[in-house]
């Protein structure tokens, strides 16, 4: 039994690689998916496919169509969603993906520093598991496969 | 036919009152619901009901249980959700409520200043309607009832 | 027990009025809803609410947001959907509303002249009832309420 | 991870072959399905299986049973639906398949020339992605699999 | 709180009237619906609305469209379904309505003489309650409203 | 807006009356439903309706049919479920009703003395709100209706 | 792409073998499942597993538990359901399985002699395809896999 | 066709091993999953991952997050659920898992000594199969795969 895990959250550092390497070294049967991590490409993908748009709002609208296509397909293929929040960036996409996971009955593992407990308290309450580091999220995933 | 509308978003100014007054003066059959708007009470409701908690994280956890109970019940009773975003505050609850509405097949009207188009582009793409002011959101709601 | 009926189809003649008058004269407990029947207003509603758009495509995109909001809310409130097809116009919205009704498990009554049986054969197969006139559609609705 | 893609739309030229060849040459893990592309066989399949019918309407009814069986099974097996619209033909089946995909929560990629933006504006608004060529649809599908 | 109850089963004697009278005399807040009980009208309703059909099979096909429209609308409005089986008639419609109720998560009360226990054993196993007389079915419905 | 609340739990003391009286005195628009509270009648209802059974197991099987009919109908009508656990009795029905509520997306308020926190920890984790007294459960329900 | 097909209907002759052999000789990727075809074993399976029962009704109740377990598991695994009706036997299980398939959105192929068109007209109307022989049902299944 | 079976129930003796060995010796294509059977580890898993908690209640809350993550993921992957009840322990988790299975439309096999028939009568009524030993549960599972 393999599980597919969607990794939602910011795309500005390599937190996803750490989780993937960690899972690999533990030999866990996990398949990871997630958003496009190349930020520039993610912003330009609309114009790359549909051509130049009249202004910035419409450029964004074009890009969001393609980014949401990706997320929607991959989220539906997932068994569990991990959502990471940090101090920087607005992270509304992370909140959106996390809430969508909950509404689709996909268990959510929320990763956030304790300093953010207050603004994330309602989302934390909806998550199945709340931890502070990606390492802990992987421990929780690992527990699913353990036998005594 | 009356419609129930959930008004998601920050609770620091009276934008909800404007919409409600506006709807009333137009005679629209709209019933509005939303989160607890008294911020202090919203933060303290957990300890008010469950007693003092060991620390701030657990105080927040208690409050979020009750706040989410309210949101969940009212969101399920709603026909449409309006979510307002502005320049201030993290607004992760707003993003969470908006995404939950979409996943529950409740049409979402997103209200945000054009200056926020970039960080909200994926959520905008999921919304049924995207406007810049609560006034415009009400015009869209009004259109549902119009006959020639 | 009152039933809500969505009347999908072209908005260029008064076929809806005939059904409504007919239902009234028979004293049937039917509540009718449907799309905006003022064609010009339906095309302009986007710019009316959101302001002028950069070009025709974006004007249409704005209008469709509001028109779909209306349809989505009203379709979810309906118990039965009647979709009328005729010789004129592309009527892709009618096909879209009809198929959405079927997918939402709302029984569909398809009204079309026999001359259109071929291009509509797959949609006819998905409909619960297929007739040729709005009068017949109303007879079928009336049958739901009859007792011996 | 392989994705199954349903290609809805007219069956009068070889646009499906172009997409399939293109996907093959890019090495994408896509499996394509769709309607019977032999038009004559699609029209006759009812009588071929059920024998001669009393008249044209019933011949069509028989054929549509079998064509819808095929579409329903294949659409349920799909992860994404691509629907192509052009200047010719009524294309009500395309509209029906596209709307069914949306109602089943299958992401829809709408392909249509800009000249058709007006009559398709409401369907476009429901689609996850709107482009003008099959080539662009494939680019969007390809983006789902890309890693930085 | 009023409950709507669909009464499925043969239409050849007045068992439905007994239940209705009984409920009335007990003052229970039950609203009863069901199939057209005038057998001849039920068989002819297709031709009555759609005109003469080419042969008996197509006459039946036309009638079944309208009868199923009625059943589908009323079954969706129901909170509980009562299905009565007896020694006579094929009663495939009764079995179909009963199984549809179960699949729609509507609790099913099966009424059948003990002599039929063998051929109905699998349906009995799916029913929420199995009794032998309409009187007993009403007792079960009455129990829902009782307080100590 | 009135809410219907199912009160799950033991039927050996009058905790439900306290909640109802309390709600009444606060003027809250709550409608309460629940299981048959007359224990003896609940055990005998099967034989009362279906006649004497061959042994105790079958007597219980008959009773459970009718008790589950009641619970199923009332649970589907509810907006919120309150489940109370105490030191006495097996309370497997309470656990069953509570878990059913969660699976049906009805928010669950779990009421239990702190002494039971260990054996109920997994159910507590699934509940929307966890409190120690019926009084607190009502405070949480009251909060749904409060406006600043 | 392999499809799983549930074959519902009487178990008194070898019609299932004909379909399976036919599919094999055509090389179709179909996997067939269905009820226990050994009638005696199907009737005794309850007592075989649970031991002797107090009387025939309870023997039947025990058997139906196990038979329905089998049907439920296999029906959920199926992509299409074929239901065969003939002149003999009550066939209420066939009607039940057919209606369950429809309610679960599994396409249904109904096989019945034309002589039975009248009592099966409502079920026929719910089926996706109606034919007279198992051979024809297989032709319809074969069509799903054909390419031009 | 392989089936995944979730084994719910107490973790204090080796009943799961017996079933697994038995299935293996019969060569049945069954894949078994279930809760963490190491009781101590199950109680400590929260603190193991999240660190020390302020008190016992919060230690339990942390553990239940991780245990429910495991159950939720594995239950969704299952085709059938077996729930065993015995004389000892509160077994509220067993009741919770069993009821969740029923609400998710997963067939439930309930295993319990006849001495417990009374307190489990409502859960027994919701189960698809009720037996007294794990051996019998396996016989029922075996029957799904048998051909004449």
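Order as written gives the chain letters A, B, C, D, E, F, G and H; numbering starts at 1 within each chain.
Throughout what follows, a residue touches a chain if its C-beta (ideal position, glycine included) is under 8 Å from a C-beta of that chain, and two chains touch if they have at least 3 such contacts.
Treat the numbers as computed from the prediction; the structure is a model and nothing was measured.
Between chain B and chain E, the least number of touch steps comes to 2. For the pair chain C and chain E, the distance between mean C-alpha positions equals 31 Å. Centroid to centroid, with C-alpha atoms defining each point, chain A and chain B lie 24 Å apart. Once the centre of each chain is set as its mean CA position, chain A and chain G turn out to be 43 Å apart. Averaged C-alpha coordinates give centres for chain E and chain H that are 37 Å from one another.
Touching of two or more other chains is recorded for residues 65, 68 of chain C. Screening every pair of chains for touch gives A-B, A-C, A-D, A-H, B-C, B-F, B-H, C-D, C-E, D-E, D-G, E-F, E-G, F-G, F-H, G-H.
Across the interface of their complex, chain E is touched by residues 1, 3, 79-80, 105, 107, 109, 128-132, 136, 139-140, 143-144, 146-148 of chain C.
The part of chain A that touches chain B in the complex is made up of residues 56-57, 60-61, 63-65, 67-68, 71, 85, 90-93, 95-100, 102-104, 114, 117-126.
Residues of chain H touching chain A in their complex: 4, 31, 33, 36-38, 41, 45, 48-50, 65-66, 68-70, 72-74, 76-77. Those residues of chain G that touch chain F in the complex are listed here as 54-55, 58.
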